Every structure is written in C-alpha cells, then in structure tokens.
Amino acid sequence: MKMIIAVIGDHDNEPVSQALIKGGFRVTRIASTGAFLRRGSSTLMIGVEDDKVDDAIQLLRDHTTATDEANMKRATLFVLNVEHFSQV
Amino acid sequence: MKMIIAVIGDHDNEPVSQALIKGGFRVTRIASTGAFLRRGSSTLMIGVEDDKVDDAIQLLRDHTTATDEANMKRATLFVLNVEHFSQV
Amino acid sequence: MKMIIAVIGDHDNEPVSQALIKGGFRVTRIASTGAFLRRGSSTLMIGVEDDKVDDAIQLLRDHTTATDEANMKRATLFVLNVEHFSQV
C-alpha cells in the first residue's frame, strides 16, 4: 500500500477528487496554502494499492488543468510507503 | 518511530484525541473532507514509538463509534515509517 | 527525496515559511490544532532533497521562537522517506 500526497490547485479539487473516486480510490481532502503568494491549494491523501499508483497518477494528470502562470505546476506528487493499513 | 495517520468522523475527534493524549501520545489534528459526499472528517497525525503502535490503534478502535451508514468504516489508518524525529 | 512534516506554532508560520522559501524549499501549509488545549498550530509539508534535510531543519530551528509555556517545544519534526516525487 502507498499513500499519494497530491498538492493541487483549488479549482482542480472537485474534478480530480471525483475522477479518483470513480476510479475506485479512497481520497481525503485537506485545505492547504502554498507558502509563496499564500495561494489556496488542496492537499489530497490517496490510499493506493502498489500496482495502482500509476493509474492514480495518470488520473491526476488527466484532470488537473494548466494555469496561466509561468512556473506553476499543476500538481506536486509525493508517493510514500505505507507500512500498515487498516480500516476499523 | 512511526506516524499513524488516522481519518475519523468529526464526531469522534474529541473523545479519540483525549484518549490518545491520556495514553501519552502526541496528536495533531487537521480538518479534512471525504471525497465521497464531502462529509466532514478529522485527520489525526500521531507520532508513536514503534512498540506503541498497537496500543494507539487499540485506543482508536475503542473510542470511535459506529455510524448508521452501510459501508462506512469508523477509522482509516495508515502507519508510515519515520526516518528521523526531533523536537527543537 | 524526503518530506519533512513540521508542526509549529501559528505565530511562527509566516517567518518560518518565508525563510524556507528563501532557502529554495517547497512548502505547503496546513492549519492544524494540538490535541492538548486545542491550541492552533501550523503543519508544514516540505519536500526536500536528501542532502538538504539538515539545512531545512536548521532553518526551522533558526526561525521558530520560544514560548513562555513550560514543556512546549517550538517545533515537532518528522522526516519521511519519499519513494517517488513528481510535478505534473
């Protein structure tokens, strides 16, 4: 199991989250702020089976939109290893 | 050291957090939202010594409450390895 | 690549974040709450190259301020390994 932490623009939060749910992924959303310009962003935590990481990242690519601003990436992705996962 | 990331219902935030503190755990709480139905949730980050992970998870089990909704788990738990921990 | 998760006092959020940006670090800020006394805190997620972890921690040390309260640390730091990092 992996956890993908994705920082995306607020405007992409809803379409990206819905695409991930439709794809069968578990998503938790957290409001965040970029340090630079304090722009609003959304941080998604996505629990993903190892062999589904690429699928989730592809969905993130497909459903984030380009911004007008130079040097602004559409999504910043961190993939972390999950030692233990459970639902109680 | 491990970090437990626990996503729980808002209504369980206070009793779970207090039980964890009473158990000697460090807890940081973050407001979050499930992607499905946008239901409010709370994300707890809990710093835990390796040999206390099971104790913390037991406290989470004991202090979360069942919901009426089918297929809703009371808590989703991710345990991550912490390479380095410090307090400055 | 590592992710530093730093829990700091709200009053230190702005100077710490600005110092990290000036140092070339990527920072995402999340509002959080300590479990004890429900005090407001800020959780910073900082993506860091392996050889820059000590530099980032030093900046955190240098820009957090002591509190009057006994037993209150200025910052709690978790360093996690990042298996995969990308910007899309």
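A, B and C label the chains in the order they appear, each numbered from 1.
Assume a contact is a pair of C-beta atoms (placed from the backbone, for glycine too) under 8 Å apart; a residue touches a chain by one contact, two chains touch by 3 or more.
For clarity, every value in this text was computed on a predicted model and none was experimentally measured.
Chains touching both chain B and chain C: A. Fitting chain A to chain B on Cα positions gives a rotation angle of 120°, stated in steps of 5. Centroid to centroid, with C-alpha atoms defining each point, chain A and chain C lie 20 Å apart. The set of chain A residues that touch two or more partner chains comprises 30-31, 80-81. Put simply, chain B touches chain A in their complex at residues 2, 5, 7, 30-36, 41, 43, 53, 57, 60-61, 64, 73-81. Within the complex formed with chain C, the chain B residues making contact are 1, 3, 17-18, 20-21, 26-31, 44-45, 47, 80-88.
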